[in-house]
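Okay, so here's the structure we're looking at.
In order of appearance the chains are A, B, C and D, and numbering begins at 1 in each one.
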Amino acid sequence: MLLNEEKLILNFSLFNNWEEKYEYLIELGEDICFIDPEKKTSKHLIQGCQSKVWLDFEFKNDKLYFYGDSDALISKGLVALIIELYSGNSPKDILTHQDNFFEKINLKEHLSMTRSNGLSMMIKKIKKYAYEQLNKNG
Amino acid sequence: MTGEEIRNCFPYFKSNKKSIYFDSAATTHKPQSVIDTIISFYQKYNSNIHRSMNKAATIATQKFENSRSLVKELLNAEHSSEIVFTNGATDSINLVAQSFLKKQIKKNDIILISETEHHSNLVPWQQLALETGAKIDFLPIRADLLVDTDKIKAKINDKVKLISTHHISSISGGKQNIEKIIKIARSLNIPILIDGAQAIAHTPIDVKELDCDFYCFSGHKLFGPTGTGILYSKSRHLDGFIPYKFGGGMVDNVGLHENSFSELPHRLEAGTPNISGVIGLGEAVNFVKSVGFSVIQEIETSLAEKFNHELSKVDDCVLVGSGPRSAPIFTFNIEGIHHYDLASLLSEYNICTRSGHLCSQPMIEMCGLSGAVRASLSIYNNEEEIENFMVILKKAISFLKR
Amino acid sequence: MTGEEIRNCFPYFKSNKKSIYFDSAATTHKPQSVIDTIISFYQKYNSNIHRSMNKAATIATQKFENSRSLVKELLNAEHSSEIVFTNGATDSINLVAQSFLKKQIKKNDIILISETEHHSNLVPWQQLALETGAKIDFLPIRADLLVDTDKIKAKINDKVKLISTHHISSISGGKQNIEKIIKIARSLNIPILIDGAQAIAHTPIDVKELDCDFYCFSGHKLFGPTGTGILYSKSRHLDGFIPYKFGGGMVDNVGLHENSFSELPHRLEAGTPNISGVIGLGEAVNFVKSVGFSVIQEIETSLAEKFNHELSKVDDCVLVGSGPRSAPIFTFNIEGIHHYDLASLLSEYNICTRSGHLCSQPMIEMCGLSGAVRASLSIYNNEEEIENFMVILKKAISFLKR
Amino acid sequence: MLLNEEKLILNFSLFNNWEEKYEYLIELGEDICFIDPEKKTSKHLIQGCQSKVWLDFEFKNDKLYFYGDSDALISKGLVALIIELYSGNSPKDILTHQDNFFEKINLKEHLSMTRSNGLSMMIKKIKKYAYEQLNKNG
């Protein structure tokens, strides 16, 4: 389990319908850990055929922290959610984390459309960063 | 047939009473008769074709070749042998690129397409250009996103070795003046390919009258099975096609180091084809014939008018391409709302649309957009769905704009 | 499952009570569950995949990708991304030839195959050789028509850029010692492709254990739909595959003159794929899993023994390939009778076999024949059919010898 | 209608089962207008994936005459039948002849398997010869 995972699953379990879930997502997106605007370059861009996602990271005190953004409200919320989930964890915990989190919160749909949005690519990238950190230090 | 009767031919709507399917430009549903044809193939006379001498194989082969005749009639081609079965429009275009154009195109030659093509009618030419040193050039486009036929000639010179463009746009539903484009190509003796992927279900085609060199489409957009496609080619070009897939069924005589290819079109159909798919496609053609294009056009025109009228009442809605429509395809954005957000919400409301760059990134970018939402209708849709769609669209907009 | 229970899964036999289908090497029948999967796709969640953001598309995409995982498990591949969907074994072999080998093969390089290959594993290499100036060379063959693994090394030098051979023979039913062939290829660092078209329905495959570079087969020979096929490729090769079909669905970012390709394996799957076919293939894999290869092999071994025993009592019968069989495939001639005559008569008696050069002309000629009759069985056949077949075979012979 | 067409259709209509039909075909094959054995070369060969057919022709008194052979009994009978049908007719009559003959005698099966035997190729060749003669003379 990652740091915030339980809390997030609990939050999502409280919604009675998708409207509430989306409202929550959109709110999450408003408080996203923003990527430095100067870093919104192709280097940090994850291109889906529908929405754009930018992602950056930082390694501090043996933990990974992520920063991101997206051009669409809902995907920004999803990016914020993914950041909430992974930020502040150790590379090892991130790498070994099983992806059924999104099934648990019933958002798998958004994640399975690999090529619509950049989200599953984003998770791949997060794991790649974790892998690289692990190899650098270990 | 009435719209209601047509809708009843499609079992999808019985299983999906609450959803609205406005994604027919991506793929159409299949009438029960097409599904039954596939079932009957697998249950009754499943067999490989062209090879085995036995009764099941004979029936299967006859039905398979009968589909070829049906497609020949649909397109009013001269001979059945001008109809090549492929896996889809994409495959057909690649076949023209690899088997026809590649052998005759040289460095600095030009392939003339447009910026408004679907990726499938763009990327194969980009790649061929990369490979051969040829260049891509683009037909001039008018404000209504169709080719400006008055300005084509300026783009043409003796370096142009092929023109390829679409018949009806997958974005705007607008119909090119392909008659005129073909006439110009013809008069200058330049081969021309028409990508009919979005036209085939909406308008009658007569390749003899059009006099184009190539015409292609996908079965799955004509109420037929996935994994089927057609390339029509004039015989005189087909004779020179160099196969680019090799194997069983396309060779007559095989030695250890050389072999002789079969007659056309079999030479271009290596390996066991999508037999059930092709036979199902034949039935889809029968279905279209039984409805008739005059009924199809009548229904679709009235659906398009209704949709257009209702959409015009939605605030801040901007259509991509505003000319007259030959297919009920509407691509739009709501100002201030991201298309991904809108499509996500529509999806939650059980509406099937498509959003994003719609496999036409250059065109979308030419319009200064990052994407859009597309609602594409077909003969099985009705006015009630359009009304419900508008109600939900407005709900989604107010949710996102709150 | 018992043989009887298995047979009952196949509706073909209910519609064809009087016929004997011994042509499963050409194509197998489909269990009702596979047919139902196709029906259910078209009736319930028909939709294009990977592109549209809506519920039907999400289900279709998940089922499509689930088929990839099922095939990955069937072959025990390392990653799902090593499984590329093609249109059939022929298509898979062409993909290796065009996307993998072509870019690295030069004049006088050697492609090592055997004279006993199916045309689909021969003609693509001949053509690539013609195109590039490379040469075809042939693995040594023993009297039992299998590759002589003791003599392979003599054929290998640093010019050899690929080895390709079949797993189980479509003519003799014999199984190559591919374990050893692969080991030799591996030790010399030569990529090796195994054509598993005739193996996939008869024997468990473990590509990790085999350690081959490529493995391919057709869905329609594994109780699955037509128009589907698989190429397994080790990731490290796949990374370097240069797509040879271009279009929608295989590009991430498209500009007017260049573009970037999608991640693997999508990059190699341009255009709308055979969605219903692939989903049906997944169900076929489930079917095979539910029967299990130990049951399959038990049934087939006993059918093969029975067939062999009965056929040995037929006068003047000469088998092609006489070694042990790993699939119940019997190719034979009756001395003094032309295979075409025999197959024609069997067909009149409602027996489905195949005759001629069986898409393996070099092998048939190597055996000094102009053709032969092939009876190929599968898990749904039974002993009674074998007995009836023999009675009719003898009738046909006496008719032709009168 | 071609010269022998009616007679042949009548003959076939008399059979009660396929055995009789095949016996008749095999007999027909025994009396085939044989191609000169020296001409059994690749030039006169029509290659199917199952049986071989050889075909030659002669143009005499404005009529076409055909000679053939095959390596299999039944296809030899079919070749003989096709020769019976077409030989002795004018190029024009041959060219305008409609192919439903084989449906009428219930042998379409053998003809439709284009690539199993050379028969439909053989008919194409016959029509081609007729076409060439017509163009030479007309």
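Keep in mind that, in the parts below, a residue touches a chain if its C-beta (ideal position, glycine included) is under 8 Å from a C-beta of that chain, and two chains touch if they have at least 3 such contacts.
Remember, it's a predicted structure, so these values are computed and weren't measured experimentally.
Colleague: Report which of A-C and A-B is connected by more C-beta pairs in contact.
Modeller: Of A-C and A-B, more C-beta pairs in contact link A-B.
Colleague: Once you find the CA centre of chain A and the CA centre of chain D, what distance in Å lies between them?
Modeller: Taking the average C-alpha coordinate of chain A and of chain D, the gap between them is 74 Å.
Colleague: Which integer distance in Å separates the CA centroid of chain A from that of chain C?
Modeller: 43
Colleague: In whole angstrom, what separates the CA-based centres of chain A and chain B?
Modeller: 37
Colleague: Which whole number of Å gives the spacing of the CA centres of chain B and chain C?
Modeller: So the centre of chain B lies 31 Å away from the centre of chain C.
Colleague: Do you know which chain C residues sit against two or more other chains?
Modeller: 51-53, 55, 57, 249, 253, 340, 343-344, 347, 355-357, 359, 361
Colleague: Please set out, as single numbers or ranges, the residues of chain D touching at least two other chains.
Modeller: Those would be 49-50, 109, 116.
Colleague: Mind listing each pair of touching chains for me?
Modeller: A-B, A-C, B-C, B-D, C-D
Colleague: Quick one: in the complex, what on chain D touches chain C?
Modeller: So the residues of chain D touching chain C come out as 18-19, 22, 48-52, 71-75, 109-110, 116-117.
Colleague: Please give the residue numbers of chain C that touch chain B in the complex, ascending.
Modeller: Going by the criterion above, the answer is residues 11-12, 14-16, 19, 21, 23, 26-27, 29-30, 34-35, 38-39, 42-44, 46-48, 51-57, 87-91, 93-94, 98, 115, 118-124, 126-127, 129-130, 136, 138, 218, 220, 225-228, 243-251, 253-259, 270-277, 340, 343-344, 346-347, 350-357, 359, 361-362.
Colleague: Taking the touch rule as given, give the residues of chain B at its contact with chain D in the complex, in rising order.
Modeller: 50-53, 55, 57-58, 61-62, 65, 249, 252-253, 262-263, 266
Colleague: Spell out the part of chain B that touches chain A in their complex, as residue ranges.
Modeller: 338-341, 343-345, 347-348, 355-357, 359, 361, 370-371, 399-400
Colleague: Hey, which residues of chain D end up touching chain B in the complex?
Modeller: 47, 49-50, 109, 112-116, 121
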